[in-house]
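In order of appearance the chains are A, B and C, and numbering begins at 1 in each one.
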Amino acid sequence: MSLRVEDLEVHYRTLRGDVHALDGVTFSVADGEIMGLVGESGSGKTTLGKSLIRMDGRMRHVAGSVTLDGGDLPIGDTAAMNRFRFTDVSIVPQYAMSAMNPTRKIGKMIRELVESRKIRFSTVREELDRRLDLVGLDRGVLDRYPIELSGGMKQRMVMVISTLLNPSLLIADEVTSALDVSTQRAVALALASFRDHELVRSMIVITHDVSLVYQIADTITVMYAGRLAETAPTPVLVSAPKHPYTQLLISSLPEVGIRYDGKRLTGIAGSPPALLDPPPGCRFRDRCPLAFDRCAEQPPFVEIAENHKVACWKATS
Amino acid sequence: MTQQNTDPVGADVEPTPVGAATSEVATVPGVATVHTAPVRREALYFARRNKKLLGGLAVVLVFLLLGLLGPLFTGDDPLAYVGPPSASPSGEWLFGTTTFGQDVFAQFVHGLRATFFVGVVAALISGVLGMVIGFTSGYRGGLLDEILNMVTNIVLVLPVLAVLMVVVAYLEVRSLTSQAIIIGLYNWPWVARAVRAQTLSLRAREFVDLAKLSGAPVHRIIFREIAPNMASYLFMVFILLFGGAVLFAATLDFIGLGPTDGTSLGLMLNQAKQWSAMNLGLWWWFIPPGLGITVIVSAMYIMNVGLDEVFNPKLRES
Amino acid sequence: MGRYFGRKLGIYVLTFFVAVTINWIIPRFMPGDPVRTMVSRAGLQDPAGVAAMREYYTNLFGFDLPIWQQYLNFWGELLQGNFGTSLWAYPQPVGSIILAAVPYTLGLLLPAILLSWWAGNKFGAYAARKKVLDNTVLPVWYVLTATPYMWLAILLAWALGKVAGIFPVGRSFSASLQPEWSWLFINDLISHWFLPFLSLFLVMFGGWAIGMRNLVIYELEADYANYLGALGAPQRLVRRYAFRNALLPQVTGLALQLGVIVGGQIVTEIVFDYRGLGYLVLQAINANDLFLLQGIFLFIVIGVLVANFIIDIVYVLVDPRTRVGMSA
């Protein structure tokens, strides 16, 4: 499968006007690829994830197109999208902890969900059991209520449910944010194993945690203020980032084995611009240590090396 | 028993967060912060634009003014015999007269005063009582919680009419104030339950833990951490209490357990029933008072819905 | 779970004791002497006869005994199922008087509460998903809940009873008829029953509908609803889950309402002159009939506590989230 997103623009309608959450995003995900989508809060990564499967009431598809396996994905038309959901595109949501109906036994809920999509539960029953084994969940979990499960268990359960019908594209939105470190690792590895076992063709892993995607992603895309800043294969992005924002992100990560005696962790000063009425030009301009006058004009997202694209005048000049 | 004097939007039976706006308040560890200025401004911004809130408020204010100023025009004694008996509404008698020739309009505006008075006072009493018990019960837990729960249950179970009849038999002269006090002392259980449930859920939140770690005394935690998060909810509770008190007072007056002097909207209905206004077709005697109560209480409920929209961003129509 | 219910039961029993004691105390604080009322009813002129009668009644009802002994005797008789003898309707036992009035009250309130609950839930859920309907009927429901009950009752009695003449106004059945299983009587009963029923139904309906509408809206926005939608589940399924989850608090509310009904709806019975439990309460008060009052209050207390207890059980069975708190 392959996903191709061209110039996607998605706005949020608010009482004070339109928030330009996604302002012209172009990228593609190849067959079998795990792409990490990284950015701070408000960068638009969750909006991107949501747009690809189900927009909420206030989102509007303003421009751009999405193509999945050569066919157009009608993301703006929620009724038309229904036939792609769960089977072609699926999502492990940010709220996975509360994603299951609290008053229904898990097994019963899955059965009702699957049957409502016109699929006989008996045909997926065996597969369901195998997936449970794969993520390390006891088969008896199907007879329990969500409240009886721990956070990590619920997360893995939702992963199993979302991937049950072998979607071409899986969007994993902040799947490890609410977990402790060791469970994070288990969940991340489980995700990767889904792809390795070809239960899922491709994945977009959305997170603010660079070190997570470093472990499992093939490529990493960095988003800033509704636009893409840089995208590159993982080893390249981590060792030789070209966009100033990416550089600051990577350098702000603590390294194992190094003692920061008397030295504080430096973050990136400032905060992203409000997207209600975005400033012209490069959006990182105000926080960028390398900014110069050309930055008043929005830099295009161009390829500077194999599969390595940046939107920065400094990087491309 | 009495009319459903419980929260019509279901907040009393289970702590449904529908009526609650547990807005996330930014707190710096160790420093208690009430709603920061931007949040308050935002609430005001939406409040000024909410049609339900403004509309409801306008209606209530109109009636309040009528109750405050009306009696100045109609004279001091609404029970005086001033006109021809059973006269239908006309230019001279806006709401007609009763079978005794009393001015119905005069009774109406005097009754409004009584209604508002009882509503406000009773709401305050029940509100404060319910909140104190609810907070303590929810925050402290343990044995205190169990005891307070039992007290709440007992008050719920007591037939209010029984207590009232005894009180009524003893007090030769019953005033508006005593009626307000009695209603106030009876209407608090649902508030206590709802506040307790909210407190329980807020107590487990991190900012309270931080406040406890910083050594803040209990009352400070309740007032500066928990209560502000529930402020919007408490506001709405008061509105519901007011509406409930007005309806309850009207019912009591109607049965004959109301104040012995003066007049109120419920008493007008009582009189109308007693003197067969229904059978005699004196519709102007019983329609205005009931209509007045209905409109005021409806306006309050609609205000409540508006307030809910103001405080809970998800409900606002974009 | 057994310990949880055991503790609950214990608390209920304790509440029962306290409530019943308070109920026992209250009528005794009413001014007025029941014995004197009874004696004066007999209309004796002769002072010696009056004194003898006083002594007879005082003895009979144990008013000459010290208070604590009266209290213990009360419990003793209660546990034997004896609710005492009515003063107002002497010598009828309180139990049978109450039992005679109960069917009228229950027959009025039970259908009104159940029907308004069911209809309110249905319409409330419907309004939660159809914005058009929501904007038009929601205000109507608010007005219904805000309407003082007796005013609505009077309006109905006046409009449909007096003006339109469709229904009779007053009493539970025509004065000329006797309760019996005949078509004539049943017809008459229903026509007298209808207006009180309608007035109760309308007022309660609004409240349930509003509550359900809010609950369903909340559920439809819940995370599980979003997840199901993201996985392409039809709205039908989401609505089914939302409705079922929203019903839970409504069930609690229903139980509370049902518990209180045994007290009768005094206002209804006044407006329509309907002879049920409420009517009895009024008569008992006027006649200083302690025992009848005690009996009725007892009825109410038991009713409320039983309803609450049943609801606690039902809730635990139906909502799995409550079970977690118990193992903690």
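Note that contacts are C-beta pairs under 8 Å (C-beta built on N, C-alpha and C of every residue); 3 or more make two chains touch, one makes a residue touch a chain.
Please read all numbers here as calculations on a predicted model, not as lab measurements.
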Request  = If you tally contacting C-beta pairs, which comes out ahead, B-C or A-C? Let me know.
outcome  = B-C
Query = Using C-alpha centroids, which chain lies at the maximum separation from chain C?
reply = A
Note = Of all chains shown, smallest offset between own Cα centre and global Cα centre goes to B
Key: Between chain B and chain A, distance of the C-alpha-averaged centres to the nearest whole Å   = 49
Message = With centres defined as the mean C-alpha position, give me the chain A-chain C separation in Å.
response = 56
Message = With centres defined as the mean C-alpha position, give me the chain B-chain C separation in Å.
response = 23
Key: Where chain C touches two or more other chains at once, by residue number   = 248
Query = What part of chain A is in contact with chain C in the complex they form?
reply = 53-54, 56, 82-87, 90-91, 93, 95, 98-104, 112-113, 116-117, 145, 147-148, 158, 161-162
Remark   = Interface with chain C, chain B side, in the complex: residues 1-4, 6, 8-10, 12-14, 16-19, 146, 149-150, 153-154, 156-159, 161-163, 165-166, 169-170, 243, 247, 250-251, 254-255, 266, 269, 272-273, 278-279, 281, 283, 286-287, 289-291, 293-298, 300-302, 305, 314
Request  = Can you check the complex and tell me which residues of chain C touch chain B?
outcome  = 11, 14-15, 18-19, 22-23, 26-27, 29-32, 139, 142-143, 145-152, 154-155, 157-158, 162, 169, 203-204, 206-207, 210-212, 214-215, 217-218, 221, 248-250, 252-253, 256-257, 260-261, 263-267, 270-271, 281, 285, 293, 297, 300-301, 304-305, 308
Key: Residue ranges of chain C touching chain A (in the complex, touch as defined)   = 222-224, 226-234, 236-237, 241, 244-245, 248, 318-321, 324
